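Several structures are given next for inspection.
Below are two complexes that have chain A in common, paired first with chain B and then with chain C.
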Partner chain A sequence: MLEKWNPSVKMITVFLCVFILTVRNNTKLNIIVFISFVIGMLLFSDVKPGKIFAFLLPAFIAAFGLFIMGLFYSRNSDISIRTIFDISKEQLEALTTSGNMVTALQLATRLLAYAGMGILFSLTTDGEYFVRSLMHQLRLPPKFAYGILAAFYLLPMMRNELRTVQTAFRVRNMSGFSLRPKILFTMLVNSVRWSESVAMAMESKGFSGEAERTYHDIPKLRGMDLALAVVSVGVVAFIA
Partner chain B sequence: MQNKNEWKLKDVLLVAILGVLFGVVYLGCTYAGGFLYGLLTPVGLASLGYEPFYGIYFIAGAFGVYILRKPGSGIIAELLAAILECLMGNFFGPIIILSGIVQGLGFELIIMLRKYKDFSTAVMIASAVLCSVFTMIYNLIISGYNRIAVPVLLLMLGVRIVSAVLFDGLLVPALTKGLVKAGMLKGYAVADAVDTDLDELTGIA
Partner chain C sequence: MMTEEKSCMLELRDVVFRYNPHGKRNILDHLSLSISDKRITVITGRSGCGKSTLAAVSAGLYPENGGILEGGGILLYGRPVADMNPQERAKYLTVMFQNPDLQFCMRTLRKEMEFCLENLCIPASEMDQMIQEAAENLGITELLDKPLSVLSGGEKQKANLACLFLIKSNCIFLDEPFANVDESSALDLIKQIEMMHDAGFSFVVIDHRLDYWLPVADEIIVLGSGGQVLRRDIDKKNLEAHHDFLHDMGLLFNVSKRKDLKRQIGTESAGKTLNFDENALTEDVDTRDCAVRFSKVTIRTENTKWNRKDTGEILLEEADAVFEKGKMTAILGPSGSGKTTALLSILKQHSFSGIVEVEGENLSHCRRKELYKKIGIVFQNPANQFISQNVQEEIELSIRQWNRNIAKEQCSKKAIELLAEFGLDSYRRYSPYMLSQGQQRRLAVLSVLAGGQRILLLDEPTYGQDHLSTVAIMDSVADKVEREELTVIFITHDRKLALEYADCIYKLENRKLIKMTDAHLYVRY
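This part shows the complex of A and B:
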């Protein structure tokens, strides 16, 4: 089950695959990687297909945009087109056989392959398990690990607060656009206050940030985790 | 003064919470970014649609290094923000963490060379520009932008630089100084520095 794959090992596997895909720059390989990661997710995880689709949709839109960009604006291209609406038949033929097409496909499929790996990680990794694994396998100091978790669990509160601040501006007939310096400033003031009170709360409960502490559950590194990593990297490195 | 460079829990929390805050703010912008992206897709310039918002990607690192002013604060701030963004769920998953390291390093490099003592407007603008260039080099390699025509890349880099300079070179120092004036950042390195500036301005020092 992919949910049980040690998150640190899973993350490093993704990094290695990204580097290999970047170096090999092979359209066929990109497609194979993308499809196998999605199928792997469908077969070996509890993720619902609908959820995978919801994450895939923006990835496909991004890949399509990149595809058109590669098609129109490849380096050393002698074809000049301004928009997809005024491509003539001859141009379309020239395009599909040109180097632009090769580049466009390389760019778009590479993005999809990255997305396949990213989605697999995002959907099969529990956030808290990930951070605890970073602490035990990759030596992230507890101060940072628990700091990240505390901030993460403030997320819903922060979303509400931003909405409240935006509404407060709108009722006074001012723009509630989130990038307005006034709104950012209000949110920054809240953030500083939160960080101080959460730090105080954690310290008053005895949190010292030292590594010598007890842990209720330590994510373990098993042979299976490494085997899965070796297989994934091996397949990406040597297939096709 | 040996523990001046050590991270206190409240430093970690401040940086992490800012990471979450800008993650939330950024989500609001993805609608605008997505709209621009869609609008620019038919003319083959889709990726340009996200460039105006690049400054917000770098903002966690910019705030981190500007407020804390200790070695590694930009990179660590950006790294924490990237881990948090990864936790919030994203189709790039942990790849965000790689870009986070590049962004943090790009922003902190010049400040590092100035030994974390010079946070003038010129240094902040230069950092924003260098960070844009660094991330573009990252894109050339990882996103395959090295296959895209140079004029298009220059256009993208230009928009990215303008965004980074506005958000990180100018807005971050302005907002932080506002926080200091409001008495919010007592005990942080930036408060001491800004207070001296204010004293000099008003001639009290």
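This part shows the complex of A and C:
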């Protein structure tokens, strides 16, 4: 299961694949990576297909936009078009057979492949497991690791507080727009105060960033984790 | 001599502490205090006298996390705190803070307990058993695997106590543990504290309300400004001798004259109120006399899940209620039961089904902008809703917000009048943030009523302040109710506050909104 794949290894695998895709301009590779990552997610994870689709939708829209841009408005094009709607049949034919078509497809499919990899990582990785793995496999200092976790669990509270502040403003006949400087400032002051309190509570419970500590759960690095990484990167590199 | 040294748990010697390095005001000003081991010691005093700072300084959290210790020393069991690292300090003294939401860094209590044990370098193989035993001892096994974010304030404080129980530090410093907790949870927590005290823990408690602590406290210490010890060695036996002093400090919650009057009226018509039929009373009220009316209102928690079928948990089910015009109505109920959400529904900021009428008008036909000309709200943390740097400007801005065409002189004249009404006129050049909690809240009330709103919603008016400040704000509001027929709906978990000020009390419990009668309210006394 992809959820059990050690997150640090998973992250490095995704980074390596992204790197290979970046240095290669290969449309076929992009499509294969995209499709295999999505199929991998459908077959080997608990993520619901609907959720994958919901996350992919914006990626498809962006990819389509990029495709149109690359096809019609690329700089070395000798065909000038004002809008895509008043294009003639001949122009369209000329475009689709030109180098523009290749570039446009490359850009669009590359974006899809990136999106597929990003979605695979974020949807199959539990935040806490990831942070713990970073601490043990990639030597992230506990001070940062537990700080990230604490901030993570403060988020719902911040959301509630933002709503309260917005309501307070609206009821006074003022805009409750969340990017309003006054509201941002209030939230910032609150976050500083909260993080200070949480840090003190953690310290009071004996936490210190430097001191020795034991761990209840240590994410393990198994042979399978590495094997999966080597196979994934190997296959991508081979096709490339 | 040896034994005396040993029984002294915490000793502060001539401590001088302040937050601002260049400031002149010392929060703790040459404070010397020693507290004995194996006791429950309660430290009390007005808001702003440095009690919370004292807790953080004693635990070595200040000056490490802020502020400067100008002079003096703090000894824990004879050892200077400054020489210990957090791990060592946790074995002697831990602090539980007043805001239960800001004390955890993990998702569930079990994870948080693991975190505590990891801090102390307990081997992983022993942890599960220790956690299980501690949870069984304190009777909280059902809380272990629930996400902490869904627990109520009282449950969170219980969870926190369980963590400290597990750490087994000799002394636990509680900083206003009941600030966000309703009465029955507070009593529950006291039971847990007594149990832990019997098991050998010492407690130092900071609280400005003594009624919860009188039965269990070994000693009460009263601090004045700068953390000076005004009186100590007070306990339940010699309480009478100190009664007047404590009363003047606003530390004893006595029912005021205002309420005595109301009670008298209550007893005269006791026959009626006791044979009370809930339905009859709600039907009774003429629609013209009610400011806000609920008919079969159902409120659910917000649906945040991906799953559309999950419509959220029901907070309030088919509730009927009448909030009368020109009266003060309290809504009581445990924290997290949905009181605030009910207020948000009245403001059209939370969805509901059923009918809510405001001054006879159905809320679903009412535009928000029109609605807010009638209703204002003050939240728990009034500092969040200020928009200007100056008290007078704050009111002027609000007046202008509703009357765009008002002349400048007229506007400032009106602002000063309003400020004078709430005794804030001498602060009009101050920044709102420089006011005390109680003053901030009064300013917030004024600024939300500046457009001539007839209905005021108050969310936990006692939060974060001592009794005298609460009385000051509630008295100001009550005067306005009598003088100008303002309607006030306030939510609180403080039954005594509700009894003292409300003309009518509803209780939100188990998804129901129940109108309380005298019989209901006094049954527990």
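Keep this in mind: the second predicted complex is superposed on the first by the 236 of 240 C-alpha atoms of A that agree within 3 Å, B and C clash if a C-alpha of one lies under 4 Å from a C-alpha of the other, contacts with A are read in each partner's own complex, and residues count from 1 in each chain.
The criterion applied here is as follows: contacts are C-beta pairs under 8 Å (C-beta built on N, C-alpha and C of every residue); 3 or more make two chains touch, one makes a residue touch a chain.
From a predicted model like this one, the values you see are computed outputs, not experimental measurements.
A.B. asks: What does the overlay on chain A give for chain B and chain C, a clash or a fit?
C.D. replies: Here chain B and chain C can both sit on chain A without a clash.
A.B. asks: Contacts for A:174 in the overlay, against chain B (first) and chain C (second): which applies, first, second, both or neither?
C.D. replies: A:174: touches chain C, not chain B.
A.B. asks: Can A:186 be said to touch chain B (first), chain C (second), both, or neither?
C.D. replies: Second partner only.
A.B. asks: Just chain B (first), just chain C (second), both, or neither: which does A:194 touch?
C.D. replies: Touch partners of A:194: chain B and chain C.
A.B. asks: Have a look at where A:202 lands relative to chain B and chain C in the superposition and call it first, second, both or neither.
C.D. replies: both
A.B. asks: For A:65, is the partner it touches chain B (first), chain C (second), both, or none of the two (neither)?
C.D. replies: Once the two structures are laid over each other on A, A:65 reaches chain B alone.
A.B. asks: First (chain B), second (chain C), both or neither: which does A:114 touch?
C.D. replies: first
A.B. asks: More residues of chain A in touch with chain C or with chain B?
C.D. replies: Result: the larger residue contact count on chain A belongs to B.
A.B. asks: Is A:150 touching anything from chain B or chain C once the two structures are fitted on A? First, second, both or neither.
C.D. replies: A:150 sits against chain B and chain C alike.
A.B. asks: Of the two partner chains, chain B (first) and chain C (second), which one does A:235 touch, if any: first, second, both, or neither?
C.D. replies: neither
A.B. asks: If you stack the two complexes on chain A, which partner ends up touching A:101: first (chain B), second (chain C), both, or neither?
C.D. replies: neither
A.B. asks: After superposing the two complexes on chain A, what is the shortest C-alpha distance between chain B and chain C, in Å?
C.D. replies: 6
A.B. asks: Using the superposition on chain A as set up above, list the residues of chain A that contact both chain B and chain C.
C.D. replies: Residues 150, 154, 194, 196, 198-200, 202-203, 207, which sit in both footprints.
A.B. asks: In the complex, go through chain A and note every residue touching chain C.
C.D. replies: Touch list, chain A to chain C: 48, 51, 128, 146, 149-150, 153-154, 156-157, 161, 163-165, 167-174, 182, 186, 190, 194, 196-208, 211-217.
A.B. asks: Within their complex, state which residues of chain B touch chain A.
C.D. replies: For this pair, the touching residues of chain B are 7-10, 12-21, 23-25, 28-29, 34, 37-38, 40-47, 49, 56, 76, 80, 83-84, 86-95, 97-98, 141-144, 146-150, 152, 171, 174-175, 178-179, 182, 184-185.
A.B. asks: Can you check the complex and tell me which residues of chain A touch chain B?
C.D. replies: Touch list, chain A to chain B: 10-11, 14-15, 18, 22, 25, 55-56, 58-59, 61-62, 64-66, 68-75, 77, 81-85, 103, 106-107, 110-111, 114-115, 117-123, 127, 130-131, 134, 143-144, 147-148, 150-152, 154-155, 158-159, 162, 178-179, 181, 184-185, 187-189, 191-196, 198-200, 202-203, 207, 209.
A.B. asks: Across the complex, what residues on chain C touch chain A?
C.D. replies: It comes out as residues 56, 59, 61, 64-66, 85-87, 89-91, 94-95, 97, 99, 101-107, 111, 114-124, 127, 148-149, 163-164, 167, 306, 344, 347, 349, 368-369, 372, 375-377, 379, 381, 384-385, 387, 398, 401-402, 447-448, 451.
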